[in-house]
Amino acid sequence: MNKILTFGEIIMRLSPPGHRTMKQSHEMEFFFGGTEFNVAASLATLGCVVKHVSCVSDDFVGESAMAFVKSFGIDTTFITKNEHPLGLYFLEVGSSVRASRISYNRLNGSFANIEAGKTEWKKALEDCSYFHWTGISPGISESAYESLKEGLHTAREMGIEVTTDPAYRSNLWKYGRSGNDVLKELVGYSTIFIGGVNEINEILGTSFSQDQNGFLEACSELQQQIPSIHKIFDKIRIGITASSQQTQGRALVNGKYVETELLEVNHVVDRIGTGDAFAAGLIYGLQHFDDEKALNFANAACAIKHTILGDINYCSAEDILEVIAGNSGGRIKR
Amino acid sequence: MNKILTFGEIIMRLSPPGHRTMKQSHEMEFFFGGTEFNVAASLATLGCVVKHVSCVSDDFVGESAMAFVKSFGIDTTFITKNEHPLGLYFLEVGSSVRASRISYNRLNGSFANIEAGKTEWKKALEDCSYFHWTGISPGISESAYESLKEGLHTAREMGIEVTTDPAYRSNLWKYGRSGNDVLKELVGYSTIFIGGVNEINEILGTSFSQDQNGFLEACSELQQQIPSIHKIFDKIRIGITASSQQTQGRALVNGKYVETELLEVNHVVDRIGTGDAFAAGLIYGLQHFDDEKALNFANAACAIKHTILGDINYCSAEDILEVIAGNSGGRIKR
Amino acid sequence: MNKILTFGEIIMRLSPPGHRTMKQSHEMEFFFGGTEFNVAASLATLGCVVKHVSCVSDDFVGESAMAFVKSFGIDTTFITKNEHPLGLYFLEVGSSVRASRISYNRLNGSFANIEAGKTEWKKALEDCSYFHWTGISPGISESAYESLKEGLHTAREMGIEVTTDPAYRSNLWKYGRSGNDVLKELVGYSTIFIGGVNEINEILGTSFSQDQNGFLEACSELQQQIPSIHKIFDKIRIGITASSQQTQGRALVNGKYVETELLEVNHVVDRIGTGDAFAAGLIYGLQHFDDEKALNFANAACAIKHTILGDINYCSAEDILEVIAGNSGGRIKR
Amino acid sequence: MNKILTFGEIIMRLSPPGHRTMKQSHEMEFFFGGTEFNVAASLATLGCVVKHVSCVSDDFVGESAMAFVKSFGIDTTFITKNEHPLGLYFLEVGSSVRASRISYNRLNGSFANIEAGKTEWKKALEDCSYFHWTGISPGISESAYESLKEGLHTAREMGIEVTTDPAYRSNLWKYGRSGNDVLKELVGYSTIFIGGVNEINEILGTSFSQDQNGFLEACSELQQQIPSIHKIFDKIRIGITASSQQTQGRALVNGKYVETELLEVNHVVDRIGTGDAFAAGLIYGLQHFDDEKALNFANAACAIKHTILGDINYCSAEDILEVIAGNSGGRIKR
Amino acid sequence: MNKILTFGEIIMRLSPPGHRTMKQSHEMEFFFGGTEFNVAASLATLGCVVKHVSCVSDDFVGESAMAFVKSFGIDTTFITKNEHPLGLYFLEVGSSVRASRISYNRLNGSFANIEAGKTEWKKALEDCSYFHWTGISPGISESAYESLKEGLHTAREMGIEVTTDPAYRSNLWKYGRSGNDVLKELVGYSTIFIGGVNEINEILGTSFSQDQNGFLEACSELQQQIPSIHKIFDKIRIGITASSQQTQGRALVNGKYVETELLEVNHVVDRIGTGDAFAAGLIYGLQHFDDEKALNFANAACAIKHTILGDINYCSAEDILEVIAGNSGGRIKR
Amino acid sequence: MNKILTFGEIIMRLSPPGHRTMKQSHEMEFFFGGTEFNVAASLATLGCVVKHVSCVSDDFVGESAMAFVKSFGIDTTFITKNEHPLGLYFLEVGSSVRASRISYNRLNGSFANIEAGKTEWKKALEDCSYFHWTGISPGISESAYESLKEGLHTAREMGIEVTTDPAYRSNLWKYGRSGNDVLKELVGYSTIFIGGVNEINEILGTSFSQDQNGFLEACSELQQQIPSIHKIFDKIRIGITASSQQTQGRALVNGKYVETELLEVNHVVDRIGTGDAFAAGLIYGLQHFDDEKALNFANAACAIKHTILGDINYCSAEDILEVIAGNSGGRIKR
């Protein structure tokens, strides 16, 4: 009854080791990830029962991705295969004053070609209490957008909590639809909003400011326009340099503003997937704690993810709770 | 006056190290290659002056590919960039009774989207005595096909020798044209045919046999139907296992049949690009030796390439001549 | 109804890369394996539904082993955890005239300390048609022996087919029981014997010869003394050198002697787990083919495993059938 | 006359590269170490003549450990071999807010099974002026405890200075004896105490505070109860995060309190063995400098060890003296 | 007309991976570099047309170096080969309080044996507006000194701007000449001085102080003694630790003092070549910006080079301008 | 009384991993070796007490070499240090029909600059029964030649058995002396000749043939001209390809001709140092067996060395005896 469903691309990341540029390398480290799948994998690591809906390539690359998904114990019943190549991206990892760089190869991949109308959403959402989606998936292709909308529709019918991180990415949305319009439409199916002033401004076309007041006004406007949203959780990540980052959470829950302390991570091992760690931490927190502790748990999950290579937060609830407790990692656990 | 022009995709190969399967790996070795580019790079290594026509991605991946091309001293004036991702493929390296496996991601890449009508072929072919193409490029996309045809047309007008390895690959030709028809059309612009009974049967729709008689009949038929072809060189690679291979060359030149001895390579380091090493060896040989020695040089180049990792034959003419001389590699060169 | 249960240690293998000796190394490649688990993983790769019974360490090492087991989709419900370290072994990989060397650290590990009387065998064997065990497990510790005997007893009661590879290893059996006695006792619960003259001689204390006659006499004696055995399949692996091996299968099924052709593998990538690949191939074969084809399938699985790094046969049924068909791996699958 | 004897396990450390978790790895870096051996190796690197007493496995793992010990020029005459596996541990290296994790496999290893009564301690201690031991060894097994006690007894008889770092580790002491009792007994054989309030509280069952006063009171109590202790040196390591550490030394020598400045290390390369680097620096310092400079040398050795991978401080006396001089490492030594 | 010529050794750097000491390694990462070549490569990366004059070994090591030079599109016409081995150095990379260490093997290498009187300097300097040299080259050997002097003489005749970083290194100058005398002589051929108080004091035998006043007095003295110098640019690199560095530029241009802000880099990836990145940034800046912006560009180039592995600054002008703009690298460029 | 002394360079080998060319690599594996040191290390591995005379660089490279020497337990008392760089060579590893290539950098290194007249040869040769030298050392430099001659002179005076492998290498002997003359002079100090027709022809200027007759005539001539030679052992290595080699030994001992069987190694892991493995096997054999068994032991040592990476034979006497016994490595030693 308490299962969680996620929907999204399983993407391969290829990155020269260390802080090398691609020109200096003859090899790549690779990882499987994908924003919603990262949430799924982190939730499974935390002990939740998770199902993931996706489409991978019907070759040894897709098989490897599947083995990786299964290694978390995630239910793969609703992952299909097609003849298109698995989506991937290249990452050059920056350091200090040098930014990281990404180059994508996903818009003609297997997930972009997921077939709408084929997922048995009723069955997929069976026993689920949460459905999580982000703004990446509907930006990839028309069929990804349509598939997602089917799922959201079903979730609403089934009364399932829908969490969304409706990030707008300008390097997507090449297939014809307006990102802002689509995101507004799909947020309309959602109940918990994981995002802040930026996301609200993009969706509503508003221009609220980043300070606390601006955040509260933006939340108010969002809830007025999209009344299904009953909780709003915002993650703030401040990039001092590519090697030093700060994270903080704030939220409007039940009309009450709460915020976490500012956590600092220095030296960053990996910045990718930290937002997804926040989302997973939040969903886990909402299932196990009150809203404020859920926010703290999400923020600590986000912070500790910066110390993990790859897209996925491999930390246990115990690890995350230690960050909240202020145990900074200086002791060795024997 | 003696420059060589090649046209084709620069593709990235990604492969788990050693004989690992992808499921067993967290890293990939990567190499740049591409069938015609392999010929270009091998010719440049042999000391020829080479220009290459292609299109790469306008990002750090494409820049890395460009640096690699330049490292051979190849003229990159006619390589353009566009916003599509660089083509790539994954390779799992087999061994003994286990075959190698490849999965491609190239049909929507930068080369597939090369813009026809934009290459200044007259300028590109200036000072060239040879233009080399293969059956891979026109199978990738309509615009690759059209670009190539422009080049071939110009080459014919300029009286340049055109070598072709018109391999037909069933996993290409997805954009609407018939591979056999296109290949026959484009071979019509060519003067030196690098291929044998298989290639002739595919192009002409014939069914000649693989033995010497069949080869001679096939050559005869080819020259009757496509009179521009004045020399035919065939490479025979016999795969005993994934680790053990044999190579042999045969040819019909000036109405005369010649063949090389059978060379054996055990243990194979890398099978990819051995046909391209043959083509490069042949073109170099035709520029420096008589036809029969050129064939021997091509066959030895093909054999020694099996001992080189990656797509490209890094061997010098001296290395290749030692193989012909029967020096089997047992001594260390100090 | 057609599930398969396996019981045995999940062991970590640590090995210097390539053919390095440990003195020459600063790093180890590691793999999870274990003779019965290898069978489970290979069967899961072939598409079977598999459950594995074992015990791992309750720490991050055990968690990693669990993630690996799950990546095959194997049911881990019956794998417990305790406070003892996961068993492991070190392997120096030989080559040509130099033999490989193994050093074990398993006799005080988590599996050796598996608690007898705690596995719900009835539930574990539910829906199973096969239960596979080997002579390794009962040689590790008294509790492993007792746990296995419980399972075998239950399997007999439930009328499940019991396959056994009752290999006797002299470096086990340190806990007080006689290996030969125990193996004879436990083979008494089994129905399909995977072994030959050596195994029979060890169990029965006989001294039959290795030739066909000796094999048939040994089989006859075995079936007389242990009538529950209704099929006997023998794998013959001939080690020419550490780099070159031959495999052949022979069997006595329904009173009929059958044997496969001799398959040769050169150059061997990994010898470990080739017997387990045979067993998995056999069980799969018995479920899908007649006995003779099952034997051929087992032998081909054994041969192709020599080309795969690690303990487990990652090949598909299609790959194995190609070896039977005589396709020796010389072609690249694109 | 000025040789140094150490006694303790030689243990193998296995660690995924970088900050990877084990689940993300296919390989381990390995190192040999062990708390007392680390002191031996560091002293040998500093130019001292050192003998080490231990027991390793009689296989290629033990041979590798022996080659490593010899590479420092350490006298291995008193290292025996037995049939048990070499002790080892797995380490996942943390970063920033994520703590490092260790999993041990040592309690049934070769050192745990060292045979008491077999070491010729008189001969081993010949020409030695120092004998160093820690609280780890007697916590491993009864025979390790007994062996150590024999050595301590002999050292006392021979009038040799005995240094001890009597760390209490709760994950040891599984064989039946009370750690606190044993440590108090063995400290009774010692003359120089390397430890502070924590260690004294554990041994004496007291509860002194960490401040300077508490330290002085604890020292006073210790010397009253164990009069053979004539010098007490305390290392303070403050873990800000897993990546940032501070070290400081304080001491009571000849009734005088001295302390060093606080040294900061950011970014930590390796935290393991930093206490051993302190002990080695101290012993070296006591042989070459006055007590206060010895303390400074020990603290600087501790600090610079944080920049060295593995368990052992590979730095020379010159390197360490530069840290004391405040040369922070910003210049390249050409 | 706007080409740039550089002259100097192409040297191989060999370094244990990460922060390992050589004793802990079985492998080395290698890079090609060399102080003036680093400037050439950085300028080529920034889009300049560059020629480099040097001499490499006539073997596969020299060929690899040549391929690397060509990969930047640098003109190699004036690089010769001889039978001496390519110069090289070993680097142990320090961290925090541990300094990096270098050991050279260059004084009998191919560049040290460059043949004076053989370079066609008129042709080499054709179309060039800048000639860059440093104090390293004339310190290596008599013939390197003589070759350089020929070039400088020709440059003066041709009215080409000559930039110099006249660093004095005490581990050079083993062939008989006084470094200070030679540097003073060669600076006499130069027009733009890249150096500060240290370099001026060394050349002139003065003892000006490091503060702004001392800098201005030193500049004044330098311009009085060597009137050809019309601009002086100084890079200040402050090494906090081996992991944390600060960079700042100051200059006297047209009688005006300018300085940049202080840039901080933490965590340093690689310190080698940061001065060369400054020089390249400066030359590029002088060709594209006013003097003050050129200084800022040089300083930012120096800072960002600390984040790049190897000797060469792979950053684009865009990357460098972002550092000046204060974009600290915290965002990922997608 | 039974110690063995060796004299020669300790050289570093740097090699791209696998069969990569240097152009394809960013890293090198490195090993320490050197023809006479290889003999020393192999003898120490076999259990002999060995001293080595040499000279290494006085830096961290030389220190690493020293740690490696010590790891074998070899006495380093007579290894000095100077300010010259350690000698080294680069190796590209060939395969099958591609030969391996070496590029040396040793002629100005620390060993080439060993100071003659400084080694206390009497003390070094104390308790020694064997002194081993090769034709490499006197070819490096005048001072290496002189040092060696001093040692040989002392050995003769002390009546110590002198073994020599007087290989002539044309890439040495650059310092002015004639290799053939020097080798003849120094062989005059020797008692056991490890070499065959090639070596004898080079030293004596004769032209005996390679067959058995030629060998016997050559031996006869050698013993007539240099009567101190009382035994002659010849190793024959036949390189089929770079991957496949055969070895055989023959000898004239006490006027009797003996030869071993032909051993085959396929697939060769490393060809370097196989001759040194022969010499070490021979010296060990002469100390432990009769001459014929010593020859067999030497030949088997030579064969098994082909399976070991690096310059040194890490195999035990037991491993070598198994090769003689015909156990081809096909079984795993557990």
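Every chain is named by a letter (A, B, C, D, E and F) in the order it is written, and numbering of its residues begins at 1.
We adopt the following convention: a contact is a pair of C-beta atoms (placed from the backbone, for glycine too) under 8 Å apart; a residue touches a chain by one contact, two chains touch by 3 or more.
No experiment lies behind these values; they were computed from the predicted model shown.
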Superposing rotation of subunit D relative to subunit E, computed on C-alpha atoms, to nearest 5°: 120
Farthest-lying chain, centroid of Cα atoms versus that of subunit F: A
Chain pair showing more contacts of the two, B-C and B-D: B-C
Farthest chain (mean CA position) relative to subunit C: E
Distance between chain centroids, defined by C-alpha means - subunit D, subunit F (Å): 42
Distance between the centres, which are taken as Cα means, of subunit D and subunit C, whole angstrom: 44
Multi-chain contact residues (two or more partners), subunit D: 21, 23-26, 31, 67, 71, 101, 104, 267
Of subunit A, residues touching subunit F in the complex: 24-26
Subunit A partner contacts - residues on subunit B that touch it in the complex: 14, 17, 21-23, 25-31, 57, 59-61, 63-64, 67, 85, 88, 90, 92, 101, 103-105, 107-109
Complex interface listing, subunit C residues touching subunit A: 67-68, 70-73, 76
Interfacial residue positions of subunit B with respect to subunit F in the complex: 31, 71, 263, 265-269, 303-304, 306-310, 314-315, 319, 322-323, 327-334
Residue ranges of subunit F in contact with subunit B within the complex: 18-21, 23-24, 94-102, 104, 169, 171, 238-245, 267, 271-272
